[in-house]
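In this document, chain identifiers A, B, C, D, E and F correspond to the written order of the chains, with residue numbering beginning at 1 in each.
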């Protein structure tokens, strides 16, 4: 007998689980795995990162001569794992809807999605190269493109995002979210996988950046730490439930720069080439080329900063 | 012979350690472990998380049929480890006080604390379920309660906090702090284990949130990123030493919402249902139901935002 | 045959890599490792941390009697690894410059740097002890110096920085950056390895702190979360390229305290003993002993907060 | 490009595999695992051994108070793994026969077999206890029953056999063979899982012992190293194929002792209490109580030793 | 609920354990580890082997410059582990005797034994060097002394024996047996740790060699595979119990060679320089310098081979 | 200070090493690895085994669709490792000869050998298939060719031998020996890598089989446990040193069967189709087709068994 009342606690936890499942109208599934696994998605991301940048982010002892063999084998393994996780997500979604697709159909649908995702990998590599170049050119402390790829959290967050976004577009939203939350944990940068981001995107320092689900970001945009591209308010339907999926985050056009701590809320547009100063609070459109600071904002609007 | 002067460095480091120990009036203990281990506490948290949510956060290959067996064995192992760490913390505290309890007594005291903690686990599961529901209902991007539990950093931080807080209440403050700092590292959310937090608590995005030791938070409270519930000043005693343990952080009543970047300092009360706008700086009480923005603050008080 | 078009993707990724290498004017190196490894640098930091604080941050089962043997063996292993990584960095730098030093010369240069670094370790330990004391004395929630060392993210970030800074000074800037980005990921604190920081430095909570490459910080300075010591603007040379390496970050003199969210930009000086209030935005010198708040700033300057 | 002609070798190995599969009339199965895994069966045996003798052969840090929880969880995991392996074996057998049972039927059949096996575990533990006692009582060098269980290869081989034999009886002959070959590799003792062995069986030293598929051994039998209980000849059917499954190995009655190097061949019976001397070669029945040495054999038969 | 009757089996196994413990008159110990661990002893042997031959049998990446640091740290760790295991063996022995020494006394006694053992390590290394030389000089297939040390199972068995024998002499017979059974499993060579073996001992091929507890072997002796130095019979006391500890195995004097498969039984002496032919069976003394074959034996004794 | 005299023991072991190195006339090499590693060669064998039989002996979760990708990547990795080990062996041999080839030349020679070895792999697979078929056809207990490949120690030993033999032929005798001793440890079968063995070779049970360096074995030969194909005597040169490399082991022609325990010594020939009975001792040629038993030997020669 343990000196701790294990049996009682086990029963107590079981009761709590049953309450939850009843409240969620979950049926007992017995012998089947229900949900994708964070651990496996983490392995998938690690493998895809190695396949995208084999010599720099792949295994320690990889040599250039072996790149293709490594990439082929790693992709094969990672895509199979991803297929398994995608099947679990689709089945989970079916269960919630009370639908009843066969496992074979689910697996085939998942395979089609993974195939679609996989063929985008070379394009993902190229756009990530543009992000690396943007960071190198935008940061006076950067000494080489390799330092940027190996060290910069903003680049790491973009590797995750550029993997997650196609998964999101393919309807694998849970897997996509697992991928971006991995980046969030490692970098403090929170980009929703639904956000659309053009090439040459650079986030300096990065910690505390938040980019919402429906944000749209153009080319060569630069963000500093603690910038928020958020929603202004959450509309509810007549029953008072949140309306999900509405466009509610900013549009940021090409070549915009947003300094640290700025907060942009709602479906506003920051016009091409605009510069947003540190700590400003914006809830209206900004014209192309404008330079907005707290002072300028107040002058232009005759109001105090942060009014909303 | 190494090409590096290992012996000299070892002696140098030894001298530095001895200086420190002399300054701290530490006696040499020789053959005994002195302090709890971050690594073991990390394993304990991982195991307890699995025991609380076996199918979703437990091992990859766990099936529903095996839940109880897994929970029982995992708890047994984790509680033993926790008992060992708790004994180390109690002994460490004794040494600092120069007291001299026997190891058997320390172990028995530690076991009683662990038993007390363990019996709270079903209640911890239930309150965490309320946090998950709050996040699902409060975030338009959330697609399922399972996505919330698997992905949301705010939920992960609360799992840590709701384990750490009872440990803190039982006087195991060092272990409690190890637990919350694990969450801090993973999520960028820094909740002191002493903080009291009611059910249905939701932190969106989360990065940069700081909640102090004596904060008291009611039910259904919602916080956004970079909110601080901090202390205004640190009172000192007549000798100029910091007074530790005084109530110095805010009280947040039920149903309050605090938007991103707001800073609430000192033992003030945010009344039930109040809404605190982004980036505001508050050092006074806010009445129930009030909606505070930077603009409203300035109007009400005839002063500029951020004065303090 | 895989159900995914592995061969096509491998060829696509290969083409993308070749484009990049052509654009970067990289020659094919075939059978040689090109770059240092994050994984190995992470092991080096872990080992050095254990060698600096063997009983508290070393292996779980280490006893005081075995400290010196552990430290000696651990240093021997870690310094060899560091030597290997330093040689890789020097060779990588040579390649970028198109120079052609022999491997033996590179290795000897790397060894000299590692030796120089290694002899600083006892001094590093002593200055870290001063940081621990500063945290203990500055935080009313701290219960013991051991809690501070084991739990505080600010201390963890300083262990990384005080290892990284001498590497940076020795010209191993890539390795140095790998070390500090490890801390950034774990703590949300982003200190560039070039920053100069005096003893007794304390960062409370820490998340979101950014300290730039040329910042200079005196003794007994205290910072709260989300403080930025940044650059105001990035000067370009006549061709429009960023000028790298210029002194462009603040000088913070002894005994300064900077509260949460304050932003100090450019090569300004915060005079000895100054206090900077929360959320203020400073781009000019602050005299010794001054207490700056948003309100005081506005009065002194006759301008609105955050103007810049 | 690798410096080794990987592609050519891969094609060469592929061709060799296809030849083999053609010769074996194997169809390509594509995406399904075909065969049980030695690695997993090794884990199953390790787990069952721990479940049978938790404190002595289970995990290093197990305590008596936790035995049952450990046993329950370990069995649950191991029996699931065994179920998976059993299903693979049954499907493999089906394929070879060209039969076409559904996966669900195969899985149900496998589950029934594993259930049958599992309920025999307490009896397996008891008969193994009798083997341990026999070793302790039969070896003057044995100092305790615990030394026997922890150290004696003969006991280790019997743990494997007593797990393998019921699997063999249930028709899981491939899994059974994997188990006994694990013992063979570790101990040099080669017992076919089909052999029937009574309680109190002791093999001293053990290396080189061979016991054939249809051997039948009574209670309290003792064998020394390099004893063979083998087949005399292998009958073939009219087409010249080996006839499989015939009773062709010795019957050894209760209380027989067989000294080192003795060879007993064919379906002969060693009568109760017989003693067989070292290195003798026996192909005929031995009456109960007889003591057979090379000398006695020769006298009794008027022939030279080893004639056959 | 598992599909297997886990609870019933757990209860059945529990009942079987209780029967055994009752039969063995074991008291329930609850929360204490009872017995040494094979796993830990295996780690101890691995570590000591590395400490004895650091560059050849130590870690893959060890370099000559680091030998002493590696040896010191490895010994420190291994001897502590051995001390823990020795304490467990002494306590286990106490329990069986019903004695009641304090844990502190047991630990001190164990430490003294480990200290005694440890100081013998340099001598153990030297005698092992003589064994390596003997193998190199005695085997025409040996190409270098390094091949012998790295590859020959006879040398591996002697490393184990020369570690185990002093443990046996110090009364740690269970630990000693764990060590030699590790060799037995790896090499098929079964040397009881009690056997006394002089320098320059060589076993060619080795599989199936058995050397009993009270055997005494001189210098420069050579054995081939499947040689037995065994006991002739096991004397019992008046109650019929085996008498343990009597000298019952052969004495083999210097420079004796024994060919494959020879069996020497009982407390007989093989005189200096004798040669024993393959497969002979000896139960009487052999004079110095004699060459014994099956033929010679039969002539000398007028009897058939193998009579006994 | 440790409670064990670590420093003294380290010095003692150091002195013993220096004695050995002086006696072996080894120069101090300081910072370079001297010898191949058993651990790495074990990994190489494991990888090659997987590449030869990917679905049956490769990783647990490999599927048929991924075979070629797995094989390619595994070979690439394993052949690089083998190249590194081969370079170490060649350098070690150079040092012993006092020769002075450059590292680049050694590496190139090693690469050529590995390339030669690698191109033999498809042929190795085919001949191993013939061994598997021989075992299946020769053992009435075998139920399928897969059982044979997965379970039979004789097959495992041949996988090792058929990898080791070409290495031996290429002059990598130390690596070859490491490979075969791995098999020896796992199976108790000791085949020198120099032995030449034709296709369709089957060893039943296997434990204790010894096959010497210069043995030559034809096609479809079958051996049972404890058969020795050894040398009769070891000729010495005029100085009394062993003459290494002479043909001194048996030639076994096609279709010979040798039963358990038979010992064949010296450069004798067993003619095609001969059958050698159990336990016989042969030192002369046997004509084709002959059936030799102990009785027949004695009759034919008028002498007692085992005379030699």
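Following the convention adopted for this analysis, contacts are C-beta pairs under 8 Å (C-beta built on N, C-alpha and C of every residue); 3 or more make two chains touch, one makes a residue touch a chain.
For reference, the UniProt names are A, B, C, D, E, F = serine O-acetyltransferase.
Remember, predicted model here, so these are calculated numbers, not experimental data.
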By label, the chains that touch chain B as well as chain F are A, C, D, E
So the chain most remote from chain E by C-alpha centre is A
Outermost chain relative to chain C, judged by CA means, is D
Comparing C-E with A-B, the busier interface by C-beta pairs is A-B
For the copies chain B and chain D, the interface residues, called same if over half of the numbers are used by both and different if under half, are same
Chain C to chain F, mean C-alpha position gap in Å, rounds to 54
So, in whole Å, the Cα centroid of chain A is separated from that of chain C by 26
Touching two or more other chains in chain E are residues 2-3, 6, 31, 63, 65-66, 69, 72, 76, 188, 207-208, 226, 261, 279, 304-305
Chain E partner, complex, touching residues on chain F are 2-10, 12-17, 19-20, 24, 28-40, 92, 96, 173-174, 177-178, 181, 184-185, 188, 190, 192, 194, 207-208, 210, 212-213, 226, 228, 230-231, 234, 242-246, 248, 261, 263, 265, 279, 281, 303-308
In the complex, the residues of chain D that touch chain A are 1-3, 6, 65-66, 69
Contacts from chain F onto chain A in the complex sit at residues 63, 66, 69-70, 72-74, 76-77, 80
In the complex, chain F touches chain D at residues 51-52, 54-56, 60-61, 63-65, 67-68, 71-72, 75-76, 79, 83, 111, 114-115, 118-119, 121-122, 125-126, 129, 137-147, 150-153, 186-188, 205-208, 225-226, 260-261, 277-280, 293-295, 298, 304-305
